[in-house]
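See below for the structure under consideration.
Every chain is named by a letter (A, B and C) in the order it is written, and numbering of its residues begins at 1.
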Amino acid sequence: MSIDLKTIKHISKLSRISVDEKKAEKLAGDLNSIFKFIEKLNELNTDNVEPLTSVAETTLKFRSDEVKNQNIREQIIKNSPEDNEDFFVVPKVVE
Amino acid sequence: MSDITSQSLTSLVKNIKEKNLSSEEVTKAFVDRSEKSKELNSYITEDFSNAIDKSKKFDEKPNLDLKLPGVPMAVKDLFCTKDIRTTAGSKILENFVPTYESTVTQNIWNEGAILLGKLNCDEFAMGSSNETSFYGNVQNPIDKGLVPGGSSGGSAAAVSGQLTPITIGTDTGGSIRQPASFTGTVGLKPTYGSCSRYGIVAFASSLDQAGPMSQNVEDCALLQEVISTYDNKDSTSIDFKRGQYSKDLTKDIKGKKIGIPKEYRVEGMPKEIEELWKKGIEYAKDCGAEIIDISLPNTSYALPTYYIVAPAEASSNLARYDGVKYGFRAKGENLTDMYEKTRSEGFGAEVQRRIMIGTYVLSSGYYDAYYLKAQKVRKLIKNDFDEAYKKVDAILTPSTPSSAFKIGEKKNDPVSMYLNDIFTVPVNLAGLPAISIPAGLDATGYPLGLQIIGKAFQEQEILNLAYAMEDKISFKNKITDWWIK
Amino acid sequence: MSKDNSEYLIERYDNVYEVVIGLEVHAQVTSNSKLFSSSSTKFGAEPNTQVSLVDAAFPGMLPVINEYCVKQAIKTGIGLKAQINKRSVFDRKNYFYADLPQGYQISQFKYPIVGEGTVILDMPNGQKEVGIERLHLEQDAGKSIHDMDPQNTLVDLNRSGVALMEIVSKPDLRTPDEVSAYIKKLRSIMRYLGTCDGNMQEGSLRADVNVSVKLKDSKELGTRCEIKNVNSIKFMQMAIDYEANRQVDLIEEGKLIDQETRLFDTKKNETRSMRSKEDAHDYRYFPDPDLLPLEVTEEFIEKLKSDIPELPDDKKKRFIEEFKISAYEATILVSDIDTAKYFEEVVAKMGKNRDMKLAVNWITGELFAVLNNKNLEISKSPISAKNLAKLINLIKNGTISGKIAKTIFELMMDGDKDPLVIIEEKGLKQESDPKALEALIDKIINDNREKAIEYKNGKEKLFGFFVGQAMKVSGGKANPQLINEILKKKL
């Protein structure tokens, strides 16, 4: 199985990372060599194996329904690239 | 001054407690040596003048009951530090200043330590040589032009080069143990859930774990005791009874059963690694341990599994770096254009590569073949360890398949770079604790490490084994200060 | 042709199409804090003032689940007579959007907390059962504001991370009326349970509507389109009507229907394709590694079951049996929890000698009219249940006539006045003393001798004239029943 340029462009779109032709070709080469090495897993039969998501053998702990956070708008907005005291700002979105 | 920076953490703590040294003296010594060590490029962000101010303040009213009283310490730049820039080695966070502190670093400051600065690392901890950092390569203090390993390369170099008495790194697939091994230092990756992930820039959530990197096992035990706490801000933090690792440290390991997994004898492994391992077995025997041959049959599948699981999680964890809330933003004609430019200019090549791998293995039509398959194999790998631990208390392996390599040597060959983590990755997949200790030198005189893997939550056990073996090995790191003019 | 008028069919030439509708309702969980962070969920705060580091997805921030939200979801599941899953898993749904700070939404994809259930609708032609496919917990996104700044979109994350229950119905709905009844019933159940306030204006209840059409009597379902985020029942009905007709037209023209996400434009009253979301369909769901599986015990569920209040269907049954009211009346009274509460309070305050008929008529008649006029919820009724019960009892025991009662009712609205006080102040008490009334009638007969004779000679419709005179002279206070009796006797 090999990853073609069309696939690279599709996943770059999904990842929101722009790629030009040259970068796409480089990525295709890299990914193909990595996946060649990953394909080793196909040797294994895992039909009756439960997938393991987390090694933490415990269940989800609950938090109580309390409001603990104060208004920290200044802190939240402080690091944002566009200056606006109340909002995060992004290029106009047309729906 | 140099006799201050060459002291172990334990001895510095003792000297401060006994008032032989002030926090200021110690802090100034490390600041001074750090200033002279720019060529190593260990630091991304220095906080030296603040550190000295803090040390003076500490000395005015010293609380000597603390575990790290007035001890200066630099930390990996993956830990968010309040009011101190945190970059994760990436351009995308070049100007990011957290308003909050990670739990692990908070625990350290709570015991009296003082931040020296933030240490270089591979971008988002993705790398095994510190070459993916936006802030440049780190030199291994062992030799010029040598990688310190990664991703905690800056941390390893800083400890080995004595720019900090001790440090913390993070380990997702070997990022503490491999650089420790490359720099002749000690590195512990604790059990998953032992140290809180709160405030640590995430790479792969199900694998990431913070841990100490130190000059010796005793220091390592002391810092582990400080950083490992149950944290209700991290849903994967585990509430187990944590030991007093430094207090309970013992060299008495008589009768402990140590497993030697035959699958770690990989093809093409350098002879000196093989030799080192054999020597390690002898040392363990000398300490009174019993050696038992074991099998971890799915070992060879660990690395392919890791290169599905870690990128998959990373592709999602790194989606938040989109130029909207914080960090770097490129100009774009519209929202999508802004995202794509921000992320392709803000992330380096290796990070982009892993995001792509992760996106691909999760994408529609491939999920079952890759991600689900990897999760199943992960289960098999964990089962291997569970099975082995019915017979043994710990497992001894080499830490890495080679000693440190030259800067640039593997940069353009991702797969050969990934193979560096072949012995460390299975441990992360199974969530186990493991420690790397320096155990010898290769023909060139570069350090080599041995890895001791423990049962979950049995940090004390592997610290004790490492402590006992360290004594027998009596390794001396050869630091020539070549970078200091 | 159809047997009853509840069918909703679209006819084109010889073809008759049936519309198949399924709903994905997003109900905001009633809770103080968000699903995975301790920020407030209060509506209407200044932008970005209810945002924590977790909600804004700062590096290293981690989700920790709110127990109350889990309980609310399970309670809702119980209210929907649904399977409660002891183990459920939170997944990440990955897509980029300005108001999605993490770049993924934490949701439950493969293993939801609640499985299949049912909702019963009371339709004019009988009951209809609608299947529930599942209910899962998920995070709400923030809000993108497109019209405040000409160059930019502004983002408010106050809502980011608020807990939502997504309730997915089976494609069992066939008409816009059923959709309306379904939404109202869901809303009613959740308001009884206190799990969602159902406030559509504030966005606490929104729905994605899946619409497809098929030839009537055909078993094969058509290609469906999903209309995103419709926030009122009226708009849902309009959107369905537009969309179903659009699809039928396409089929009639021999064209294919694209399975796609559409948007309902409330200004143009039409649906249109959401091209901006087209490439985002591959959500790459996978279990959130920051969270462990959510596990609840049998005891946990049982405890919640024991806390479940009487729900509308049971209440309706009880009202019919206990209060001997009609099914129709009961349906109206139980449809909203506050109405039911009000009614039950009136009944309780009426005491032993209660008149159900009067109570039902006054609530669903006069009171509803007033609330409607003033656009008030019954919980904000200007007349308390206690005082309405008093008024009804005063009618029942003959103290006042129904007509006077209406006057008093009007006066009660001013500060929830006690009807007895009004009667006292205005002297509106009904005259029911037979002797006084006899004297009054004697005088009227005396004053209208000729008409009395005409009546006796068979002009019976003059009886009404005498009743009117009696009411007029008494200023409306004469007990009409007694007046009737006495007049019959005297004339």
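Points to keep in mind about this one:
Criterion: a residue touches a chain if its C-beta (ideal position, glycine included) is under 8 Å from a C-beta of that chain, and two chains touch if they have at least 3 such contacts.
What you see is a predicted model, and the numbers here were worked out from it, not measured in a lab.
Closest chain to the protein centre (all Cα atoms averaged), using per-chain Cα means: A. Here the two chains linked by the largest count of contacting C-beta pairs are A-B.
Between chain A and chain C, the centres computed from C-alpha atoms are 40 Å apart. Note on chain placement: the centre of chain A and the centre of chain B lie 23 Å apart, centres being C-alpha means. Averaging C-alpha coordinates per chain places the centre of chain B 57 Å away from that of chain C. Each of residues 14, 16, 53-54, 56, 58, 60-61, 63, 72, 75-76, 82, 88, 90-94 in chain A touches at least two other chains.
Chain B has residues 96, 99, 206, 232, 235-236, 315, 319, 322, 324-326, 335-336, 339, 359, 363 in contact with two or more other chains. Among the residues of chain C, those in touch with two or more other chains are 53, 56, 64-65, 96, 98, 153, 155, 282, 284, 289, 291-292. Residues 3, 7-8, 10-12, 14-19, 27, 30-31, 33-34, 37-41, 43-44, 46, 49-56, 58, 60-61, 63, 72, 75-76, 78-82, 88, 90-94 of chain A are the ones touching chain B in the complex.
Note for the complex: chain B touches chain C at residues 79-80, 86, 88, 93, 96, 98-100, 102, 197-202, 204-206, 232-236, 312-313, 315-316, 318-320, 322, 324-326, 335-336, 339, 359, 362-364, 367, 371.
Put simply, chain A touches chain C in their complex at residues 13-14, 16, 53-54, 56, 58-69, 71-73, 75-77, 82, 84, 86-95.
Listing the residues of chain B that touch chain A in their complex gives 95-97, 99, 192-193, 206, 232, 235-236, 238-239, 298, 300-301, 303-305, 307-308, 315, 319, 322-329, 332-341, 343-344, 347, 352-353, 355-357, 359-360, 363, 370, 372-380, 382, 414-415, 418, 429-431, 456. Across the complex, chain C meets chain B through its residues 53, 56-65, 92, 94, 96, 98, 101-104, 153, 155, 281-282, 284-286, 289-292.
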